[in-house]
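You will see two complexes here that share subunit A, one where it goes with subunit B and one where it goes with subunit C.
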Partner chain A sequence: MKVDLTSSNPGLESIFKHPDQIITLDANFLIPPDRSKHAKYSFNFPKFKDVWLDPIFKAFPNLAIHEAVYDELVLPSVQFYIDEMFNGTPPRVIVHQDEALSEEEKVLRDSIEERIYPLTKYEPLLDNKEDRGEVKSLAYIAVKELLYFAAHDSNAIQLVEKAEEWTTGLDNVQAIKMYELIYYLYKLDIGDKKALRILYKYQYHLTPKEKQYNPEWGQFISGMDSLYSTVLDEN
Partner chain B sequence: MKRLSTAKLAETVKETREEKGLTQEELSNLTGINRIMIGRIERENFIPSITQLEALTNVLDFEITDMFIEKKETNSFIALRSEALSEGEKEGVDRLFEMMLTLRQQILLRRKFENE
Partner chain C sequence: MSKITLDEFELEEIRKLARDERQALGFVGETPIANDIFTIIENLNIKLLEYPIESEGEKPAFSAALMYSEEGGEELVFIGLNTADHFDKQVFALAHELYHFYTKTGSHLSRLEDEENNLVEAKANRFAAEFLLPESVLESIVLTEFKKSSLQEVQTKTLLRFIARLQCTWWLPYRSLVKRLKEIEAISDSQYTQLYAVNERNLEGEYGRLGQAINREIFLKLNAITSNIGLSPKDIEVIIRNFEDNIIDEDKFSDTLHLFHKTPDEFGYEFTITDEDMDEFDDFFKEESDNES
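Let's turn to the complex of A and B:
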């Protein structure tokens, strides 16, 4: 995954101003990343929870997942965590359910899904698990006119960012990347800054190739500071 | 399975807009939909949201459901899967599907990139 420091993301700017907006998460925001092929260490669930999950749920009161993403959470610890969030009073996570769609919305959902799925490994006729969560989430978000899809998957992000060129029907959706929320947490002093640096390094600055095209932590923070100086000053 | 026909929508929006003597700009002002998006709807290049569709139907007097068409699904995947009898065969078929879907995705993505 590439880190883009050339232009600001209007979605992140808006989230800085109004963190209470609904942000729908892809499964890879909830599942501990495993890059043990490239690293000597890995993120087990308790560590990932401390570094990432607890801070994002603290920072954003309206995080959401689609029911298909919930089904992808095969790790019992992750499922338990989301169940706890969902069953809390008030619930700390919104679960988007396709049953909530009206008949007209369902037709629109199917029409958008039809545009997206051929560009993924999901096939509606098989209803296979591969990329199912992202296809279902994106189509639901588009139909319900929710704005943000947070993902750590370059294909899912492209479906949103290239919506016009690729006619995916996702023109009104905005992608939020993991590094953008890492920066958000860092700037607002939510969570452990050292741990956030480790997470950034693990996700974006680990392999020799990533070290070629992605900035190291210090450059990343100063680059993001330049992009978001106006919104930070306003805050 | 019903789908929104972007072709039918494009034709309806363009025809009824012209019948009512509206420019894209005027329709944009009446519906709150950006003029560029109106242009894209008329070029079959944009799927409007339900709210946007409702705004269009209110101004141009047509029904959303008239824009839906019935689409027949081809069931080749299911047919192939039902041919598999044993667990081993099922696993093999699923592996084959996985490879086919990856290949389909790669071919289509490459085409998209080539067209950019």
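Let's turn to the complex of A and C:
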């Protein structure tokens, strides 16, 4: 997964200003990453919760997931965590439900799904699990005119970033990447800084190829600082 | 489910299709296709995915499946071949899928009603038999060997030897050959019943021993459950190019190759982690296990 330090993400700028906006998460933001075939180690749930989940739920009061993403959370520990967030008072996570869509919205959702699914492994006729969460989430977000989809999957991100070129109908959606929120947490001093650095290294700067095209932690932070200096100053 | 019987018109259509396609591929007259079925599929630009999918019962979960997909306006065709099946049945299943390919039928996207589906499947089976061993060629072989078109007076032993030789040359499953002989009316109903009841997979049985005596290498190959996991070298190359062109990342690259029991380092890509990073991970992840203990 590439880290882009060439231009700032207006979505992240806006989140810096208003962290209480609804940010819809893809499943891979909630599932502990496992690159043990490269790194020997994988994040277990308690570690991932400390390093990532607790800090993002602390930083952003309106995180959301689509019900199809909830169905993808096969790890009982992750499901339990989300259940706890959902059942909190007030609820700490919003669950987007397709039932809440009006008839007109359902028609619009279907037309967007129709455009997205050929670019994924999801096949509506089969209603298979692969990429179901991201297709359903993105279509819902677009229909409800929500702005942000946070994902750590290059295909999901491309569906948003290449919306015009691929005519996915997601032109108004903005992708938020994991490294952008790692930076956000780091700058706002939420979570453990060393742990965030390790998470960045684990996700973006691990293999020789990643080291070729992605900056190491120090360069990453200074590069992001340059991109977001204005919004940081305003804050 | 009622047995589907193809009428003479349908049979002639299938014979013609098989004849035309064989000729187009350069298989004229008494030229067996046999193992060349794999080259044919590659040359037709069909992506072959071989994977053993065991079933719970005696029969394999499925034999093969043809799938169409479209990418950037270009049609991609895949055949998924279940290699948890005997090799001769794999060859037959591939020829069966070629019928669907040539006639654009049978993809999972087509939602045919059962009856219609059964008819299409019956045609595909007949095509497979015809494609691998044309009826006219079989008739000619029978006539040349026995100097007559009927084998009704030929003793069973001789028939078994004949079928074993046909099988080792034309690579059809034993039962398909028995069926073919019945279709050309070379054998009687009772011969058909008797031959069909033979346990052809028992290598210690009469037919098994005959087959091995005729061509041990080929016969054992046809009776093997290969359980191959594979993708043609051309398609493996597509996976590598996708990685090199940054269409897929290293994790997807590794995972995809892993499906076919291959690793990135076999293709010169080593994803080694530096000692410095490993030391850091050791400390970071070890903390957690220390805390847990």
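General remarks:
Assume the second predicted complex is superposed on the first by the 235 of 235 C-alpha atoms of A that agree within 3 Å, B and C clash if a C-alpha of one lies under 4 Å from a C-alpha of the other, contacts with A are read in each partner's own complex, and residues count from 1 in each chain.
The definition used in the following text is that a residue touches a chain if its C-beta (ideal position, glycine included) is under 8 Å from a C-beta of that chain, and two chains touch if they have at least 3 such contacts.
Remember, predicted model here, so these are calculated numbers, not experimental data.
When the shared chain is aligned, subunit B and subunit C each come close enough to touch A:P118. Of the two partner chains placed around the shared chain by superposition, neither subunit B nor subunit C is touched by A:A100. Of the two partner chains placed around the shared chain by superposition, neither subunit B nor subunit C is touched by A:L75. In the superposition on chain A, contact is made by A:A39 with subunit C only, not with subunit B. In the superposition on chain A, A:K209 contacts subunit C only, with no contact to subunit B. Once the two complexes are laid over each other on the shared chain, residue contacts for A:D110 go to subunit B alone; subunit C is not touched. More residues of subunit A are in touch with B than with the other of subunit B and subunit C. Touched by subunit B in one complex and by subunit C in the other are residues 118, 125 of subunit A.
For subunit B in complex with subunit A, the touching residues are 1-4, 6, 37, 40, 45-47, 49-51, 53, 64-65, 68, 73, 75, 77-78, 81, 94, 97-98, 101-102, 104-105, 108-109, 112, 115-116. Looking at the complex, you find that subunit A touches subunit B at residues 102, 104-105, 107-108, 110-112, 114-115, 118-123, 125-126, 128, 130, 142-143, 145, 155, 162, 164-167, 169, 171-172.
On the subunit C side of its complex with subunit A, the touching residues are 70, 109, 246, 248-251, 254, 269-273, 277-278, 280-281, 284-285, 288.
Contacts from subunit A toward subunit C in the complex involve residues 1-2, 35, 37-41, 44, 46-47, 118, 125, 154, 194-195, 198, 201-202, 206-210.
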